[in-house]
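Two complexes come next, and they have one chain in common, chain A, joined by chain B in the first and chain C in the second.
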Partner chain A sequence: MVRWLLLGLCLLLGACTSESPDHIVFAVATAPSVLDPRLAGDAASERVNALLYDRLVQLDEHGTPGPGMATWQRLNARHYRFTLRADRADYWDGTRPVAADVVATYLSLLDKALGSPHAGGLAHVSEIVSAADDQIDFHLARADPAFPARLTIGIVPARLAADRQAIRAPIGNGPFALVERRENAGLLLERRTDGQRILFAPVADPTMRSLKLLRGEAHLLQNDLPAELYGYLADQPTLELQQVPGTTFAYIGFNLDDPVLAKHEVRAAIAYAIDREAIIRYLFGGRAHTAESVLPPAHWAAVGDLEPHTYDPARARRLLREAGFDEHKPLELSYKTSTDPFRLRIAYVLQSQLAQIGIRLRIASYDWGTLFGDIRAGRFQMYSLAWVGVNTPDILRYAFHSGSLPPDGANRGRYRSDEVDRLIERAETLDAAAAAPLYAEVQRLIHRDLVYVPLWYESNIAVSRGLADYAPGHDGNYLALQRVRVADDRIR
Partner chain B sequence: MRLAGSILVVWLLMALAGTLPSLEPNRVVLEEIFAAPSATHILGTDELGRPVLDRLLTGAGVSLLVALSTVTLSAAIGITLGLIAGYAGGLTDRVISRLIEIFLAFPGILLAIAMAAMIGPGIENVVIALAAMGWVGYARLVRVQVLALRQREHVLAALALGRTGPAITRHHLLPLVLAPIWVEASFGVAGAVVAEAGLSFLGLGVLPPAASWGGMIRDGVRYLLVAPHLILAPGLALFLVTMAANQFGDALRDRLDVTSRNRP
Partner chain C sequence: MRSLVDTLIVLFGVSTLVFLLLVLIPGDPVDVILGESAQAADRAAMRSALGLDQPLWVRWVDFYADLMRGDLGDSLIRREPVAELIMERLPATLSLAAIALALVLVLALPLGVLAARRHGRWPDHLAQGFALFGVSIPNFWLGPLLVLLFSVTLGWTPVSGDREPGSLILPALTLGLSMAAITTRMVRSSLLEVASQAFLRTARSKGLSEAALTWRHALPNALLPVITVLGLQLGSLLAGAVITEVVFAWPGIGSLLVDAIGQRDYPVVQGVVLVIAIGYVLANRLADLLSGWLDPRIRIAD
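On to the complex of A and B.
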């Protein structure tokens, strides 16, 4: 009897043990919520979808398109033919991706009933047909030399795409297969080349995430930590910190329909009152660099000669006086941000810096849903957000064209400029070499008009334990998980 | 009692010191982020370079203000309803008693959290949320006392002499129920300090960047690995004040309780 009880106890204890130690545990701030590449809009979901689904086209760190699972030919200005590569990966259920899957994926994506956030950039696609088992023809309503760069959405099997709703049980042909999706406990993926498993474990609290890494309960974390914790983790002999310059563009947005913020002097005063260098140095620990435009400097359409709004409080005060505000008539503005502690910390620093030129900043922090809803609806004066994973100049139309006011786009500041509209529309009809100067001009105008106060590009930082060959992607992607190795046998 | 009283006096002095204009609890100094305790900053600085001592003193004022306001408001509501229920009896008593039971059925802090979430953060709203759950104890205590007292001879005599209900409750009942109220209030101070800290910890209390002990602990927890000094000072202050207020209440109860005083 006692023996049976002991056996039962052992079984119970065995059942209570944590994750099998052969898993690499990737502690993430939020669990990826959408495993459908057509619908994924948040960074966490997009990064995991890139592991689960292959795409027709891949973009490099300069935003230049290259073959993914297909090569392409431009048959004429409005007609592209994509040919699936013979060495493309199969779906993880063993079926082979064919042209019908590509057609179904993109047709469903363009279906308004699906509500894809990626549909806007493909609105000019007039027809998608399967020319052969491995050939797909895209016909466009207007010339678009940069069209291949828009086809970076993962290809889902036609039978799943046909449902016109979010995929619940994903099947992809990316480098990883989904093993298990756990309620509130993350995702378990398996690398298809060698069976290495990766568990994406959501741990919201940064300190807890760090402690899990220190205790060996997690083996990898990336971004979303305060700078001080990076410094602390970098000092630990068992951990390794990798840092690469990032393209995540942080900015302060203005509501240009607001009568006060419609004045250029007020926006310029705010820009000159913010000491970005000090914030980067003390809050980011140097792990960011100042930004002037949404497109990162290495991008083919970037502009390199923008004059920065260098910290100059005297000039800021003068501009504010010109706008009609001084100590007798102080300016009070509201600033909306998320409840993320680090974003709030930045908000208090901005509040303090703006107070030095006489601007009283009221900070309102909201959960993500409320904040984003308010910003989309134009219920704000100032806000701060970041663009993550910007790879194509499409962002300029999406965020600054007068036809992109929400809900049609992300021109949340209600910026309207005929010149910018014209330049964007013209650039979209030219090839990259000819379009680059026009996109550069668009960025100059946006910078001059101070639609945003550009802040910084945040570096991508990964801290690992017992791993080798991992480095975060330039846009924070997790693609290096394809080659990561367990260097410490204790993880096995 | 003496130690508890001393701690409460120090709390009061800290709260008074928190009003000194020379303090700069919200001044952001990036160069001094996470400075360790030193001669310049006795308790160090926090994640925005703000002096922890200045914030501790300002937070003392906030917790004292919230505690006193909450206890006053709770007592005012509770005593009034308790007197009405106990003296009027009948349907009025039954209605108020059921109301008390309904409030007692919920965990107090949960109710306060729900209320604070509904009406939003801020010192005034914290007081309202805490008083919304705090009045129940006073009401129950006063009702029971009045039920026992209303048949006393002096109350019957006042009634016979034609005194009205409000006059009897004010002059003949209220003075007799005050002793246990003081004890309840001293425990209420401790409860309010902890509850305010709890609400601020959850982001439902005092609005940042204003300092409060709960908010300081919440912010400090995030940097526990790199700056443990951030939670030590407010944590210790909270512990000492709560303990002192509870001990003061115990001592007050012992002193006011005639039966325990006469015990050998």
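On to the complex of A and C.
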């Protein structure tokens, strides 16, 4: 009876079919907000824009810049010349990207009226001129040896860049072309080499995303699932789970202006009281790696000799006593986190671990905007966040230089160290080889001073069905879609 | 005329509250647009471009001037006009609400009538059980349960989205079930109340069948409170669709609102809340009109 009723409803609304589509369905947690690389600020938009637009420079997994659609020469400390490669891809409409497109893209990006989130990192660009049809000169107001690494924004056609609005009908020269975009109902891309189509289907709820994969309505998921769902999906014979080390750096931040947390002993006690290995094993199901610094180990400016704050509750108790706190004078701290259920679960484990050494942690959970607003304003004692997509050592100035206190940067803990400032400023004037030891020293000082308790790098995990040759990028990018194959003919 | 004035006053109050959202919500729109790495001069320029450096009353006047022109501003994240974003999503929400409402009527009227006619017997207990179940079970739990049964286990419907035929069935069922439960209870209790009235005894003494008595005489009289509740619920269908749309990845204004809240996209939040509020007010006015049409005494009282 129920079946007949449902069948009737199906007839009323069309027909219930679950035929295999002719495209690969990639179920994502959020749809890209803008298909304009100049304005893309969120991870979802940046990852999809990287498929639609080529860039002058590409960063490899070590954060080292390499030629994208251009090679470059440093003519002097403040003058770079980029030459477009002869084998660069055309735009989808058949036109060839030329220097004027690059100039228009970057000039519009620096235009205050556009309001690009990338403008801050290029504020020292004083002039951009087209030296020839395929040559672009960038003049800088100050020396910047790391400048090429900043030119990773997709190049849009000059006629689209002229408008001081977001591009609504994008035309790119990346490996994929846009076929169809419906507001939050999906984004259909076509691979330019062989016509393989990929549908990005936004499904916010992680359980529903997993169910779509199980039923065959989706063929690929990447990240943004609770650990227990990964465990469940990994056990399904029709699905394949792939895991690669990630660069998303999770940490606990301290407010160093707080009189209690200004004491190094208190911060050290907290660091030694946290059993990161246990959290990774039980909460992440082993799908994360302990971290010591914001720059991932494979990065050219990373430091490899940082002594971890290994779980040692006895040492933590001793340090806390040295700071003047014990069972007669217990320490109470507040910890701000988001409303994400998984982040809250981590918070409760931290609360339990800190309770073992006599710290009472009050957990305050806020929606993202309130949490971020409080952190920017310094209204916190401890908080937890993560740095996503760290590719350049600029992060060290941005997050730890005393000139980067909010609103001028992301030194949210209000850390001030003349030595760190001096080393960062010196490193920024040097080539990578000479700068690397200075950046390493900066990271040693930050680690010693415990500005953050470094927690872990979360792995990038893809779960697929009937696909081959896909692995998530080290920073969660989707670039492997350029080579993904349908291994199961039912998807074709 | 008086109801029109009342409606306008309510809409004015709602839109003012919605405007104040922008001021009251913690956080800075400039941070949303430019990020943390922006230079002070760029931040000041953006603040000026958005009019955030103006006194509150000037912004309030500008807000109304824009609203009168149908301009809800631009999304801070998508950089598109909010009105266009809403218009693109609104049909999906309205179709979901319409199907859910149809489901409510199809389920609640017969069940309520059955429960009242078989008062105290097993059909009544069954209907009451359904009502209790529908009211108690939250949408975010019911949705995945229905998907597990109908999509994953039986394979009858798609899991989510709006690309496949039949995609609307489970979201509409999820959204409509709790409303159907409340309406079933309302129909039942209203019918029981009407059943003891004199005009029904008269009709029965004239030899009318029980079915004719119920459908032709009792139900129209019992529907008045039901319509009032339906009016309230129709408005809340728009707001209630938020959870359902997120669970089923339904591309309506509910999921737009949730995304916008997460991204601090204040103009979009303002616009969607305003549309939901207007929908709520209009649905209630519609219910008032329907009540007046069904019962002339209400029109006379007005």
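The rule is short, and it goes like this: the second predicted complex is superposed on the first by the 470 of 492 C-alpha atoms of A that agree within 3 Å, B and C clash if a C-alpha of one lies under 4 Å from a C-alpha of the other, contacts with A are read in each partner's own complex, and residues count from 1 in each chain.
Convention: a contact is a pair of C-beta atoms (placed from the backbone, for glycine too) under 8 Å apart; a residue touches a chain by one contact, two chains touch by 3 or more.
What you see is a predicted model; the values in this text were computed from it and never measured.
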item	value
Chain C versus chain B on the shared chain A, clash or fit after superposition	fit
Chain B versus chain C, judged by how many residues of chain A each one touches	C
Which superposed partner A:G231 touches (first chain B, second chain C, both, neither)	first
Touching partner for A:Y282 - first (chain B), second (chain C), both, neither	first
Cα-centre angle that chain B and chain C span when viewed from chain A, reported as a multiple of 10 degrees	30
Partner chain in contact with A:R345 - chain B first, chain C second, else both or neither	first
First (chain B), second (chain C), both or neither touched by A:T207	both
Which of chain B and chain C A:Y311 touches, first, second, both or neither	neither
Which superposed partner A:R182 touches (first chain B, second chain C, both, neither)	second
Where chain B and chain C come nearest after superposition, their Cα distance in Å	5
Chain B and chain C footprints on chain A, overlapping residues	205, 207, 211
Interfacial residue positions of chain B with respect to chain A in the complex	27-28, 30-31, 33-34, 47-49, 203, 208-209, 219, 221-227
Residues on chain C engaged by chain A in the complex (per definition of touch)	25-28, 31, 33-43, 45-46, 49, 77-80, 85, 88-89, 92, 99, 143-144, 147-148, 150-152, 155-166, 168-169, 246-249, 251, 255-256, 258-259, 261-264
Chain C contact footprint on chain A (complex, rising order)	3, 6, 9-10, 13-18, 30-31, 33-34, 36, 39, 41-42, 112-113, 115-117, 119-121, 123, 165-166, 168, 182-186, 201-205, 207-208, 211-212, 214-215, 217, 367-370, 372-374, 376, 398, 406-410
Footprint of chain B on chain A - complex, ascending	205-207, 210-211, 226, 228-229, 231-232, 278-279, 281-283, 339, 341, 344-345, 348-349, 351-352, 363
